[in-house]
Amino acid sequence: MSKIKVGIVGGTGYTGVELLRLLVPHPNVDVIALTSRTEAGRPVAELYPNLRGHCNLAFSDPSGPEIADCDIVFFATPHNVAMQTVPDMIASGQRVVDLSADFRLRDAAQWSSWYGEPHAASDLLAEAVYGLPERNRESIAKARLVACAGCYPTAVQLGFLPLLEAGLIDSNSLIANAASGASGAGRQAKVDNLLTEITDSVKAYGVAGHRHLPEIEQELAVAAGGPVKLTFVPHLLPTIRGIHATLYATITGDCDDLQALFEHRYANEAFVDVLPKGLYPQTRSVRGSNTCRIAVERPQNRDTVVVMSVIDNLVKGASGQAIQCMNIMLGLPEFTGLNGIALMP
Amino acid sequence: MSKIKVGIVGGTGYTGVELLRLLVPHPNVDVIALTSRTEAGRPVAELYPNLRGHCNLAFSDPSGPEIADCDIVFFATPHNVAMQTVPDMIASGQRVVDLSADFRLRDAAQWSSWYGEPHAASDLLAEAVYGLPERNRESIAKARLVACAGCYPTAVQLGFLPLLEAGLIDSNSLIANAASGASGAGRQAKVDNLLTEITDSVKAYGVAGHRHLPEIEQELAVAAGGPVKLTFVPHLLPTIRGIHATLYATITGDCDDLQALFEHRYANEAFVDVLPKGLYPQTRSVRGSNTCRIAVERPQNRDTVVVMSVIDNLVKGASGQAIQCMNIMLGLPEFTGLNGIALMP
Amino acid sequence: MSKIKVGIVGGTGYTGVELLRLLVPHPNVDVIALTSRTEAGRPVAELYPNLRGHCNLAFSDPSGPEIADCDIVFFATPHNVAMQTVPDMIASGQRVVDLSADFRLRDAAQWSSWYGEPHAASDLLAEAVYGLPERNRESIAKARLVACAGCYPTAVQLGFLPLLEAGLIDSNSLIANAASGASGAGRQAKVDNLLTEITDSVKAYGVAGHRHLPEIEQELAVAAGGPVKLTFVPHLLPTIRGIHATLYATITGDCDDLQALFEHRYANEAFVDVLPKGLYPQTRSVRGSNTCRIAVERPQNRDTVVVMSVIDNLVKGASGQAIQCMNIMLGLPEFTGLNGIALMP
Amino acid sequence: MSKIKVGIVGGTGYTGVELLRLLVPHPNVDVIALTSRTEAGRPVAELYPNLRGHCNLAFSDPSGPEIADCDIVFFATPHNVAMQTVPDMIASGQRVVDLSADFRLRDAAQWSSWYGEPHAASDLLAEAVYGLPERNRESIAKARLVACAGCYPTAVQLGFLPLLEAGLIDSNSLIANAASGASGAGRQAKVDNLLTEITDSVKAYGVAGHRHLPEIEQELAVAAGGPVKLTFVPHLLPTIRGIHATLYATITGDCDDLQALFEHRYANEAFVDVLPKGLYPQTRSVRGSNTCRIAVERPQNRDTVVVMSVIDNLVKGASGQAIQCMNIMLGLPEFTGLNGIALMP
């Protein structure tokens, strides 16, 4: 079988290089294009020396012809980029996996209010499939446009889903205390992300309102079959990778065995690993892998259930999940190219 | 005025060396004894080279005569040590500041159930004053025995106090999501605390039940004037120092201005700094200092209030707080020897 | 072709789990045994959760029958273990790849003086092949017993080899200033390796004499065709993985183009990457990969040449190199199972 | 005695805030001015929350009147700033302590070749006193303009001085392998200094030629009484603070007891601590303090001597040393305001 031609728009960021780390050895695809406005002409291995000897691609200009030749195009761009060009790509028969936030919200007005500008392709919002395979596998398979779930939203949703789908918790008072490594902020020259500013420290941010909040509430509402209210507090960790979400909810239904509930829900999921009772996940156990590890606990047997959920924000929270979606779109086994073992220690 | 003679029992751990860092330059005390069963005879500066040139003390055996000569004795020991010898010290007229957990719970049976052994000095539990100056300043001044508040309990209580004292929140569904640097685990040779095991990672632990839970619930109940139920989830951070507590509560009372509530509550506290509205604390901003920095937020103006509270677990969470208590016991200004500025970056 | 049966003696340490990470997906081998005296019966994925879903092996007792069934046995043990049982294995027709120091020195007396005990299998020292493929590929192919090069020795030798083989430097005054991440110290419960003791800090150690010194001098002497004197100063870095060796030598021969010398020497080596002139290697660029990246510089065009050489101490410095040796012993392409791309960021 | 009025030009960087941390509690000075072009009007405690409650200063514009009122002015600026305005300050009777590189080299042409622009105040180069108190105490006392020694130069010179002053080593083949925490690169928005780019990694930089090289050679030549050739290789460490210099030299003279040589040389120096034989310094042992800790070793009793020297780059390598110089200029005890104990752990 001939290989699928794949392109990456916006390849200088961390999700871009992570797509390459995973796609270059992927047996069914050829990455033929990698764009960057600022680095056009420069070999990607110059920017990311880990790719030396593995990838000879040079960045090309986004306006060049290379991308037009691709069967599938990944967008590893900041928001407000994909929505400018995706409509034309879809129209010309290409399929798109967007890692950015452009097509995650179904309501254009809501998108505008959180991102501060009008949506440039609101016609596509209804069609875009939310790229969380553990919820939307069938729709992803047929999708022309997949809007990959965000990093925090992936960790938070996978933790809440078993409880909400089973109607066991009060969906009106959910709490997600989440923490991310610094790669979540991308590869941007900002004082706030210097090692000297954030190592050996921790802080909350975006407490008054983070852009991942509406995305999580929107999707959890579907799972819950009704409105969801979430208090979402992200924190910045002095690590490179990793998201740890600690979730709290009030139990309102009957459940003798939360552990079994979680194990059943994810029994057939290749990338969700429910830990044995009493063990809690560490972010390092998923470093570089596409796995989400989850534990559930009911402290003191009181009314509050606690779920811990960890992912690598650059893999299951971004590039790995995008490739998982691509595999589904192509009818490949979901774990193709994604079965690398996490780096530990 | 002649200097107060001070001794430290159990000086090899991190709270021990931190007591020395702060007490050696303290203008009103002389540290004359420092004990260690395992290191007796060894100069402390050999173990902690930062003390070279500042402190010539050598460890002495706990059974030796040096401690008996002290006016005030600090216990920087694991639990189950202080309660063996404190009764005799009190009887002989010495005053004790215990940094361990031995005298923090008022109920001996509860202590036994959490610490797995009978309490050896339950007679003193009623007399021991809980060492959180922002609550118990007057009692500390007269105390013979102060049981210093634990590290997590300090950060959590200072965050909840304004809300509970004002009766604004549901005391039955409190949540404390807290995270500590690795020095909180002490200086013990354990695989779990190796750099290779915990750096570049984060995890929750003790979710089913942590020993700081009953201490926090006991003290918050006093502030609330009734029973308190807390879900307490501690996490291990890849940092040396620092506790970040993110607190969640359901607002049940009326309050137009949470910011003002917090600012008023701590207006006269030298070591509690309420940040301007919209700013959130970083643990590094208190590194090495006795300050607790706090912020309060009500996301989306919904029913859940979020409080962020940071301390240096070895200072305001242990040795600094112990010295603050000592200053109060001696009638000195509380900040004597404690006005060092945090190290940043 | 049926798969080769492989066993690992001493699988609880970091080189053990790293062998598993690389061998489990290896297409030509089956890991059928993994021993540990202390953890016998326990699933390895309990100790190393990154292996959950990838490896169902449980530790077995070293005295059990499993190891006897293996075609090739890896020793991932501290020194003084392999030499006790390797002679019997070799006698019974098994081939051995020893990651420990037991068979690296050819002189039993020298071994004894550095390791403080008599050598238990000195008869095998002459036969053991030093496992640095870039020097000894042909001998490794036929070897019954390979003594894998140590971590520092690998980085240091690969850096000096082009210069020494070409006779360009004074072999009597070599300097290797090397630094290693904490995983080089293994997974041992020692206060010295706690995060609190070594993060945000750096120190030299073993300056008066480190056990890797005689190994490096022995092998470089072969390359130089005469005695070699090295000053070797290792340092401990606050990182998990990675060795950075900065090498200094006095140029005594003529060489117009050091860059070309290095590029030629390693032109056919899959795992040695000479960087373009003016670029210097970062340890993160080899994190998790079997690559050694090297740069050479002659500052101010004076007489001192500087070589920088980085490896992942657990991969090219241990488990990856052992598998590279195994591939050679089995006649497989050297990069089989070893072409993973380094994790960056 | 009335307090000395002190100003800081360029207060937004890490050496600026570190000057404040040390000067605010200093008993003999008042910081009355703190300038920043970009942050004029903003309270410094907004930028550096560790100063909240300790320092009410706001940044003022450098062209404002505040600086003119100061008795002593510190420059905590990048190079090429101080030399523009220092001549006028000196002319008007102010004394200047420059932490930048502007007045460290005595040869204007050499300065130009390393810094890429003409020197704007070459007339002052002859008068400027090189601010390394352990060499130039008497000149500093009388100086109008002190050019503080750089961070690497301080660690390297203090390590080599005893050997060079005693004529024991070949001054023609010195090697300084040095490594610095990321604060040495300042508080600049650069991708290269992001946590994601440099944590859990190490690299060399500036190998072909670093600006600290001519400064070190110039000053060591004075100590050696003749020309000095140094190979200087700096490395970037994944730490906030700390410089570790590992120095190598060939012994050419007779010395039975290198340990005694170092101890004698620094017997009267408050801020240089020669460790007992066999102990090596860690950077954390000087974190936040003005101390330089040194060890000397002669491995295998061969011809190469190894010196290890550690400082906190922001204290003894910058702001602490500047204050030490100021104390000397004012006739105060050198340790005034500088006797804080390093933060450990």
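Letters A, B, C and D mark the chains in the order given here, with residues in each chain numbered from 1 onward.
Here is the rule we use: a contact is a pair of C-beta atoms (placed from the backbone, for glycine too) under 8 Å apart; a residue touches a chain by one contact, two chains touch by 3 or more.
Since we're looking at a predicted model, the values are computed, not measured.
Matching residue numbers shows that B-D is the pair in B-D, A-D or C-D whose interface repeats A-C, with more than half of the contact pairs in common. When you average the Cα atoms of each chain and compare centres, the chain farthest from subunit B turns out to be C. Centroid to centroid, with C-alpha atoms defining each point, subunit B and subunit C lie 45 Å apart.
Subunit B and subunit D have centres, each the mean of its CA atoms, that are 36 Å apart.
We define each chain's centre as the mean of its Cα atoms; on that basis subunit A and subunit B are separated by 39 Å. Counting partner chains per residue, subunit B shows two or more touched chains at residues 14, 181, 183, 187, 196-197, 199-200, 238, 240-241, 281-282, 284, 287, 345. Contact residues on subunit A toward subunit D in their complex (touch as defined above): 14, 181-183, 185, 187-191, 193-200, 238-240.
Residue ranges of subunit B in contact with subunit D, taken from their complex: 14, 17, 21, 24-25, 48-54, 183, 187, 199-200, 240-241, 273, 275, 279, 281-282, 284-289, 291, 293, 314, 339-345.
Within the complex, the subunit A residues that touch subunit B are 173, 175, 177, 179, 181, 196-197, 199-205, 207-209, 229, 231-233, 235, 237-242, 244, 246, 248, 250, 278, 280-284, 287, 295, 297, 299-300, 302-304, 306, 308, 310, 345.
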